[in-house]
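In what follows, chain A forms one complex with chain B and a second complex with chain C.
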Partner chain A sequence: MNILEGKDITKLFIREGFLGSRSGCVEALKGVDFKVGSGEILGIVGESGSGKSTLARIICSLETPTSGSLIWDEKVFKGEKRKAHPAQMVFQNPYGSLNPKLTVGYMLREAVSAGSLKPIRNIKEDEIRKVLENVGLEEISLVSYPHQFSGGQKQRLGIARALALNPRLLVCDEPVSALDISVQAQILELIRLINSEKGIPVVFIAHDIEVVSMISSSILVMKDGRVVEYGDAANIINSPSAAYTRKLIEAVPVNPYM
Partner chain B sequence: MSEKQSMPSGCILEGEKLSAEYFSAGKNIPVLKEVDISLKERECIGIAGESGCGKSTLALSLLRLIDEDEGRVFGGNIFFREKKHEEIINIAAVDKHRLLKVRGKEISLVTQDPYTSFNPVIKLYRQFREAYSVHNPGFEEKDFFLRVSSLLESVNLYPPEKILQSYPHQLSGGMLQRASLAMALLNEPRILIADEPTSSLDVTIQKKIMETLKNLRSLYNLSIIFISHDLNLISEIADRVYVLYAGKVVETAPSAEFFKDPYHPYSAVLLKSLPKLGARGRIASIPGRAPQPGAIKKGCAFAPRCSYADGECFRNEPPLTRSGEREWACLKGK
Partner chain C sequence: MEKLLKNKMVLSGLLIVFFFILVSVFAPYVYRHSPLEQNISHRLRAPCSRYIMGTDDLGRDVMARVIAGSRISLSVGFVSVGIALLIGVPLGLIAGFYGKGADRVIMRIVDIMLCFPTIFLILMVIAFLGPSIYNVMMVIGLTSWPGLTRYVRAETLSVRRREYIQSAEMMGIKKHRILFVHILPNTIAPVIISAALGVGSAILAESILSFLGLGVQPPAPSWGNILTLGKEYISHNTWWLLVFPGTAILMTVVAFNLIGEGLRDVLDPRRRKEK
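Let's turn to the complex of A and B:
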């Protein structure tokens, strides 16, 4: 069963000129269709300007589509008051997505409170520890600030914050592109474990088809706001049908010695 | 500083026991510790390591580009064989005047982000012209234009007139990075230092830049120091690999041997954690994270993350072992 389906999603951004006059528009998404099955990892791959981040923001209702609809559990999504959004996002830049003035404990307390609809003061430390356990950070101090952590640890905190809201879907927008290769592998493995152990479906966005291919069950290839190719991950990697997909695969550096 | 009369034949640049540190809040933060590095004529060496391991600092140190207020390079020598007189100079010790004759002329640098390496409010023409005029006083406008056109052509930027009349923001990241490669080669340097030249670019653009770099290398007989955190990228171009960890070289080997059989456990896990197209299932990674250079005072800096480490590794710092062209610093390795 699909937990989320996007139908014919289009997004126009109006470019504002001098004194707010309209000087044209950018078509960020042009009729994008996709499905996320339960327990699946959908990989979205494309280069800068392909519209992949806009799609992620639309899934999380951070942007409204110009036309088209998002269908959660076979119902058109309108949003429910006082309830956390079913899709939660992990952002690209772990340095910019955590409030530098909040302690890690307070940040997660807020998130747990929003997810469980309990007042912040009623959230117990156990609940926060449990969230941190999910991302392998059980031993950190709750009174530390984001700057005291490394990039990889910050990205773990970003994932913990998203998980604290009990999402139905985790949306990761380039979660590893700001990280070193060795740390990148740790975060990829963490996302893979969250998906396989908790059964939370994931939308995983990256510009690197190599990274996407390691983790996704299906892949959506985007270029200039359109879907170029969509299907089973192994099929797309082994026998890509679109020329653009082949180009992306050919661009992967090949180690001649291995 | 010592003067050196001879270098191994074919060797063009040799860094000897280079140490570097940055000043921060009244403290000296060590970054490089006694790094030895050598580059042969027409050779390309790759320098790999995680962020904070000192690989960019090494690039800056070789040209003495670290700001005097921010840090210093000390205790080592950087020998460079000058083409003109076949004379060996010590970059670490020469005066400013002599240094300026080497920088940008004999050795040039391409950095990670092309948008910050160009001045955003000056057209490319004037920026190229300035770089040319510094080393060619009293030049003819015609010679300059011929040189620039042929370089822009070799990095696939057409037409040169139009490119030169653009501001940096009018070019895409990939085009601008190619322009900065052209600028680096303006004065026919013999060594090009490329510090993560593709990491801010899209993958298809990355491929083009790598092809351009390989093309330039054979066209102009360049020696290249290629710095990257991505060993797959390094494998495409480098003849030899240096692996840096916490400010020290932990392994050096010719590429063909290194990628088949890394001797240092850190190199081995670094290779295992590289992404592989279509490889599903458990993703291997290195536990923990790289320490700051100098943070681990005793024993091997990699020991806390190493699966082979025992008591000895935590007590004694491993010396560099040498065998043929390979060097590694591990008590447990080969």
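Let's turn to the complex of A and C:
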């Protein structure tokens, strides 16, 4: 069964000129179809400007599509106010994804309360600890501030916050691009673990096809707002049909240590 | 807070301000002369052991008047900046957060306000309302909010786009909660800085108004109207009527500017790295 299906999604960004006149527009997405099955990891690859982040933002309802529809559990999604979104996002920039003025404890308390619809006061500390256990940070102090953590830890906290909301789908928008190689591997492993243990499907976005191939069960290759290739991950990596995909695979630098 | 006190600029600024506050609060109980007590036989005395800062044209003690004037100057500074904050910050938040129509209307008002040369606007309003210390506070406050609104709006716009705000939106957190818990605390740094600088310029504005005879009315003392006297008797070589209130104005304004500049260094991470 599909958790989420996107049908013919287009997005037009209109640049507003003086006094609301239209001075130009950018077509970010030109009819994208995709499906996320339960327990699946869908990797989305493409160069910058290919529309992959716009797609992620549309999945999370941070943008509204110009046309097309998102179908959650076979129902057209219209968005509910005051309720956590079924998709939660893990952001690219670990420095901007946590509010610098709030303690980690308070941030997670707010997330748990939003996920369970309980008032913030009634959230107990062990509920927060349970969330932190998911990302291997059970030892940290809840009264510390985000700047006291490393990039990898911040990214874990971002994942913890997303998990606290019991999402149907985890959207990771370039979650490892800002991290160094060894930490990248840990975060990828963590995402894979969350997917396999909790059964939460993941949409994983990266510009690096190697990273995507390491983690995904199916891959969607995008270029200029269009789907170039979509299918099973192993098939695409081993026998890419589109020329663009081949180019992406060839562009991966040869790792002398492997 | 520790970082604040380590910053030499903030520290020296705060020390000067505390000195003025202490003096203005306690000096009237300690100092023997009243700022209003006249003694015609001792008029226009140069500084001596009895009158440390000399006397004015009615034989009033200048030091007592400068001290009493510091009360007025500081309260004008704080009250008018308070008024400006109360108007400027909410408007900036609304403009930056809700955008669209609200943003357009508020920013056009700000543009219009910024088009007027402030001091003439103040002069005009005072001419209508009549000179009094309360009118001065009100008018300075009511004319100095547009800059704050711009700061807050710009900061709100940039904070709005941060990922943690989007994450809060995805959590389904109510808008006003996002505004007050997530956005406001992250926009407050430039507000504090410009408020500190604003106190200095408000004190200056009050001195100018009093100097022009539109602020605090004699016999009530203010730094500005002592200076006016100094101007009138300048041919009598009464330098003490100019130097002492002038120094007081200079010191407080410099103190608040030091605090403002120092806070900017402490609160702005990019400047912090340079050290």
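In this text, the second predicted complex is superposed on the first by the 250 of 258 C-alpha atoms of A that agree within 3 Å, B and C clash if a C-alpha of one lies under 4 Å from a C-alpha of the other, contacts with A are read in each partner's own complex, and residues count from 1 in each chain.
Here is the rule we use: a contact is a pair of C-beta atoms (placed from the backbone, for glycine too) under 8 Å apart; a residue touches a chain by one contact, two chains touch by 3 or more.
All values derive from a computational prediction rather than experimental measurement.
Legend: residue contacts after superposition of the two complexes on their common chain; A:V252 is shown touching chain B, with no touch to chain C.
In the superposed model, B is the one of chain B and chain C that contacts more residues of chain A. With both structures placed on the common chain, the touch criterion links A:A111 to chain C but leaves chain B unconnected.
Touch criterion not met for A:P119: it reaches neither chain B nor chain C. In the superposition on chain A, A:Q88 makes contact with chain C only, not with chain B. Residue contacts after overlaying the shared chain place A:C60 against chain C, while chain B stays out of touching range.
In the overlay built on the shared chain, the residue A:R192 is in contact with chain B alone; chain C does not reach it.
When the two complexes are overlaid on their common chain A, residue A:G24 makes contact with neither chain B nor chain C. Looking at the complex, you find that chain A touches chain C at residues 60-62, 80-85, 87-89, 91, 93, 96-102, 110-111, 114-115, 158, 161-162, 165. Within the complex formed with chain A, the chain B residues making contact are 50-51, 202-204, 206-207, 210, 229-233, 235-236, 255-256, 258-260, 269-271, 273-280, 282-287, 289-290. In the complex of the two chains, the chain C residues touching chain A come out as 162-164, 166-174, 181-182, 185-186.
Interface residues of chain A facing chain B in the complex, by the touch rule stated above, are 47-48, 150-153, 180-186, 188-189, 192, 207-211, 213-215, 233-234, 237-238, 247-258.
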